[in-house]
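As written, the chains take the letters A, B, C and D, and residue 1 is the first residue of each chain.
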Amino acid sequence: MAAVAASELADGEVVFVGIGLPNLACNLARATHAPNLVLIYESGAVGAVPERLPVSIGDPALVTGSLMVCGMADVFQLFLQNGRIEVGFLGGAQVDRYGNINTTVIGPYERPAVRLPGSGGAAEIAVHARRTLIVAKLNPRAFPEQVDFITSPGQRCRGTARRELGMPGAGPVKVITDKAILAADETTGEMVLAALYPGVSADEVQAGVGWPLARASRLGAVAPPSGEELRLLREVLDPKKLYLRG
Amino acid sequence: MAAVAASELADGEVVFVGIGLPNLACNLARATHAPNLVLIYESGAVGAVPERLPVSIGDPALVTGSLMVCGMADVFQLFLQNGRIEVGFLGGAQVDRYGNINTTVIGPYERPAVRLPGSGGAAEIAVHARRTLIVAKLNPRAFPEQVDFITSPGQRCRGTARRELGMPGAGPVKVITDKAILAADETTGEMVLAALYPGVSADEVQAGVGWPLARASRLGAVAPPSGEELRLLREVLDPKKLYLRG
Amino acid sequence: MPMREAVSRFVRDGDTVVIEGFTHLICFAAGHEIIRQGRRDLTLARLTPDLIYDQMIAAGCARKLVFSWAGNPGVGSLHAFRRAVERKTGGTAPLEIEEYSHFGMVARFAAGAARLPFWPLRNYAGTDLPRANPRIQTVTCPYTGEALAAVPALNPDVTIVHAQRADAAGNTQMWGLVGVQKEAAFASARVIVVVEELVEESVIRSDPNRTVIPGMIVNAVVREPWGAHPSYAQGYYDRDNDFYVAWEGISRDPAKLERYLDEFVRGVPDRSAYLARQPGLAARLKAKEALSAGVNYGF
Amino acid sequence: MPMREAVSRFVRDGDTVVIEGFTHLICFAAGHEIIRQGRRDLTLARLTPDLIYDQMIAAGCARKLVFSWAGNPGVGSLHAFRRAVERKTGGTAPLEIEEYSHFGMVARFAAGAARLPFWPLRNYAGTDLPRANPRIQTVTCPYTGEALAAVPALNPDVTIVHAQRADAAGNTQMWGLVGVQKEAAFASARVIVVVEELVEESVIRSDPNRTVIPGMIVNAVVREPWGAHPSYAQGYYDRDNDFYVAWEGISRDPAKLERYLDEFVRGVPDRSAYLARQPGLAARLKAKEALSAGVNYGF
C-alpha cells in the first residue's frame, strides 16, 4: 500500500501528510521518483526532512532541519484554505460508496458503540486539498454502503453532490487498499474498481466492500513494489516496522 | 506639552505610542514617575527601549532590545482589539467640540483643499484604547466646532453619542494643548476647559477654540514642568530638538 | 511562583481550562497539580486532549471536553475519555462533549484572541459535524452573499502554556511547533506560563522576534524543568514515546490507571518528586545539540 | 534572477502591485525598476505609500492608490500624491484612491491570505471612512446578532517583499518589523522576494521558526544588497533619515522631482549604478552588531 500510495505522488507536489502509512509513502516517494515533494504536517512543519520515522505528526524530528515552522492558524488559513495543498492523505474507520470518511463514531453520535478520535484536520483536508487519497484496508465493516457519520466529505454527501456544496477541492479521487485501487467515477462520484493488485480477483475485492462495486471502463493492474522500493521501506524508512505491519 | 502629557500616564500602563510629542512624553514618563510603562508601537515593537529618539514609529531603534516584535495583524487584533491598550495618544489637524479628530482632508473628501495623510491606526486607536489623550496646539482653525471629516471618533459623532455606537474604549478623555487642558464632560461629551497653564487666561484659550468653551465645575491649574523634567527633555530625550520646537 | 501556588490562585472549580500544545510543550506538570488540588467541574478545552486530559478525566476533574481529536497519537485510544463517552463500566461520571475539527478549534481561539464573537472559515459542507454540534453556524458574506462556516469565540478562564524560556515578568519565547498557544493565551482571562528556564530579561530582549507571549498578559510564571514530560520541549528533551505506548495498557484498565495516578500524580507532592521516581529520563531523552546561528539586530 | 527579469516577467501593466514593509524593508529597488520599465495603469496598494509610491505616482505608473496613511513619516507630505489628489498644477493624471485605516488594510490582506471574501473587525463606528469608501461594509454575527465592520479581501496580482535572506528556492527569513508581508505574499497571485543575502538552504533549515515566506509561493528570488535604501534592513543598514527629510524639498517641486527620477532612477541601469552614485552610504548607514544568541533545535 505504501508503494502504491507513493506512486500516486508527482515530483514537486505539496502534500499534507498524516501519520503512519501516508508518511511512509511520502518519504518513499521522496527517496525515489519525487525528490522535490514538499511535506507539510498539520502541526506546522513545512518541508520536513525527518532523520527518523516520526511517531506522531508533532514529532521533534519534523522540526529539526525543516524549511519553516508556523503556527496552526497559518497551517489552516494560509496553506490549506489558501489552496496551496495539492494532495491530502486520509484514512478512516469507515469509507463509503462516495468516499465519505468516518473517524468520529461507530453507532449513533449521542450514544456511540465505539467513540473514535474525531476529525482532527481531516474534515478541512477533505474540503480544501486539490485532491485527496484515501488509504484503508479492505473489509466490509470498514467499507459500508454509507458511513455512520460523515467526518470528511466525499463525492456525494447524503444525496448532494460535492460540486453543489461548493467545496474548493476535488475530494477523494482514489482509495488505495491492500487489494485494489478504487477511483471516483467522474459522473456519479461513486467509488468503482479501478485497478487490481497482482493475483487479486475482482470477487475478492467485492467481498471487502459493502456495496455492489462497479468497474471502471478500463481496469488497470497495480505494479508490485520494486526490489528497491521494498528495500527502502524495510531497511531505511521503517526498519522497526512501526507502520509496516501485516 | 510633553511634560503635561507625561503626567497623564500612570506607572505600569500599556501605551500605544505615536511618533513625535507622544513618544517624547512616554519616554519622559518612563524616566521619571512611570518606569514600568509598556510602550507599544503600531509597527509591532512591544516594550521598546529606544537608545535614540526614534524618527518614525518604524525606527530600528525600537526593535533592538525590545521585549517582543510581532506582525501588524497581531498588533491590531491581539493587542488593540483585544482591549490590552490602556492609553492611546492621538494628534490631528482638526479636533472638534466632541473630540472628533480629522487627519484625512481639509475641505470636501472628493476634492480636498488639503489632503492629509489619513487614518493610519488612529481610527481604531480611538475606538479601542481604554482612553485616549489628544495632543494639539490651540488655534481656531485646528479647533473647529465640527471637523470636516471624522477620522477618529470622539465622544459624539454627528449627533450620536459614543456609547450608542457601541465602542469599547472611553474615547478622548482629555485634550492637552499648549495653553490648557480640555476634558470631556461626562454627561454631554463636550470638551470643556479643565485646567490652565500658569499665566494663561481662559480668554486666551477661548480665542484658540472655535466653539463657546464651557468650564469644568472645578478649574485646575497645570503645574509647570520641573527643572528635572526640562533637563531630561532638552539634554537627554531630544537634544537635537526633533520634536521640541516652539 | 511555585506550580502549587499558580494553580491554587488561578485555576478555580468550574473554570474553562486550556492546557495547549500540539504534541510539543504540553504541560503535564500543571495538569498533575490540578489533579492533586482536586479541581472539579472543569471544562477542558484543547485540540488534542492527549494523555493529560485523559488523566484529568479519569481523576474526575472534568465536566465537559471541548476538542477536535481525542486519541493517543500514533498509538491508539484515550480509554478514560472513551469510557466516559461510551458510558462503559469503569467510566467516571458522564462527560459532556463539544466537538470541532482542528481548523474549527484554531478559529475559535483566533476569534477569542481578537475579541470577536465569531470567526469565518470555509468548512463543514457535507459533513455531519454541524449536526452533532449546533454551535457550528454560518455567516453571510456582505460582498458575495455566500454562506461561510462560522465558529464561536473560545475565551477560556485560564490558559496554561509551557515554553522553553521566559523572564520573570512572563515575556515568553518558544520555538519548534508553536500550535495555537499564542491565540489561546490572548483569548484567556488568566494566563500561566511554565518554562524550562527562567532567563534574564536581556536574553528575551536580545531576540524579540522569538517572543510569542508578552508579559503583560501573563498572571504567573512557573519554572518547572521537564514539566512537559512525557510530551517534549525542542532543544531540551525528546518525547517519551515509550510512555505514550505504555498508556494504552494503563488507560485501558481503570484499576491500572488509578494505580498510575496514585503513584505518579496524587502520590507525589510536586514535579521534582515525579521526576525523582523516573531516574533514567535524562539519560534516555535529553536533547542533542542542533544550534541555530544568531542574527544581527543592530542598526 | 536579476531584478530586471523579475519585474519584466512578473509585473504587468494594469496589475495590482504591492510593495510592502512598514518603514522597514521597503523595496525601493523594485519600485525603481518598475519605473524604468515604464509600467502603466497600476493599482498600487500598501498601508503607507511612503516615498517609493510617491515616486511611482510622479513617474506616471499608477492609476489608483489603495492605502491607509499617505505621508512622509516624521517629516511631512508626499507631494506627488498630494498634487494628484488635490488636482494641483504640476500633478500627473488624476489618481483614484481607495482608503482604509491600518487595521482595515491589515484585515484586507489577512482575508486575501486566507482566501476568504471578507474579514470582520470592530471598527469605523462614528467615523466618516465608510462614507468615503463604500467598500467598508458590515457583517452580522450569527451568535450575537451584532453588526461588525467588514472589509473585502485584497488579492494582489503581485507582491514584492524585501527580506534579509532567502535560499535559492525562495524560503525567506526576516526579523525586526515584519509588518503584513506574510499576509500580503500569501494573498498574492505572484510573489517576488528581494534579499540582502542569498544563503544556502542549510542556513534556512537551521532556524525554521524564522521563515516567514515559504519557497512554494515564491515566483522569483532577487539578490539586491541595499535594495531597500533609503528604507532600512535591520542588522544590515540603518534608515537614511536624511533622504526622507530631503524628499520634502524634492517632492514639493515637480521639476526637482523629475530631476531626481532622471538622475537616480531612469538615469541608472540598475541598483548597483544607483548605489555607485551615492558612495558614502555604507560609511554612514552600515549597521553595528547586536547579535542574538542561537537556540537549540535538537531532540
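To be clear about the criterion, a residue touches a chain if its C-beta (ideal position, glycine included) is under 8 Å from a C-beta of that chain, and two chains touch if they have at least 3 such contacts.
No experiment lies behind these values; they were computed from the predicted model shown.
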| item | value |
| --- | --- |
| Required minimum of steps from chain C to chain D, each step between chains that touch | 1 |
| Touching both chain B and chain C (chains) | D |
| Separation of mean Cα positions, chain D and chain A [Å, integer] | 40 |
| Whole-Å gap separating chain A and chain B, where each centre is the average of the chain's CA atoms | 57 |
| Approximate Å spacing (C-alpha centroids) for the pair chain B, chain D | 28 |
| Residue numbers of chain C (touch at least two other chains) | 115-116, 121-122, 146, 175-176, 178, 182, 206, 209, 232, 234, 238-239, 287, 290, 297-299 |
| In chain A, residues with contacts to at least two other chains | 45, 60, 63-65, 69-70, 77, 81 |
| Chains touching one another, given as label pairs in label order | A-C, A-D, B-C, B-D, C-D |
| Contacting residues of chain D [partner chain B, same complex] | 22-24, 47-48, 67-71, 73-74, 77, 81-82, 85-87, 99-104, 106-107, 109-110, 121-129, 131-132, 146, 175-180, 182-183, 232, 234, 238-239, 241, 244, 287, 290 |
| Footprint of chain C on chain B - complex, ascending | 14, 38, 45-47, 49, 60-61, 63-70, 74, 77-78, 81-84 |
| Chain B partner contacts - residues on chain C that touch it in the complex | 113-116, 171, 182, 186, 201, 204-206, 208-209, 211, 214-217, 297-299 |
| Chain B residues touching chain D - in the complex, by the definition given at the top | 19-20, 42-45, 55-60, 63-65, 69-73, 76-77, 80-81, 100, 104, 109, 111-124, 127-128, 149-154, 157-158, 160, 162, 165-168, 242 |
| Of all residues in chain D, those that touch chain C in their complex | 115-118, 120-122, 137-144, 146, 148, 150, 152, 164, 175-176, 178, 203, 206-207, 209-210, 232, 234-239, 287-299 |
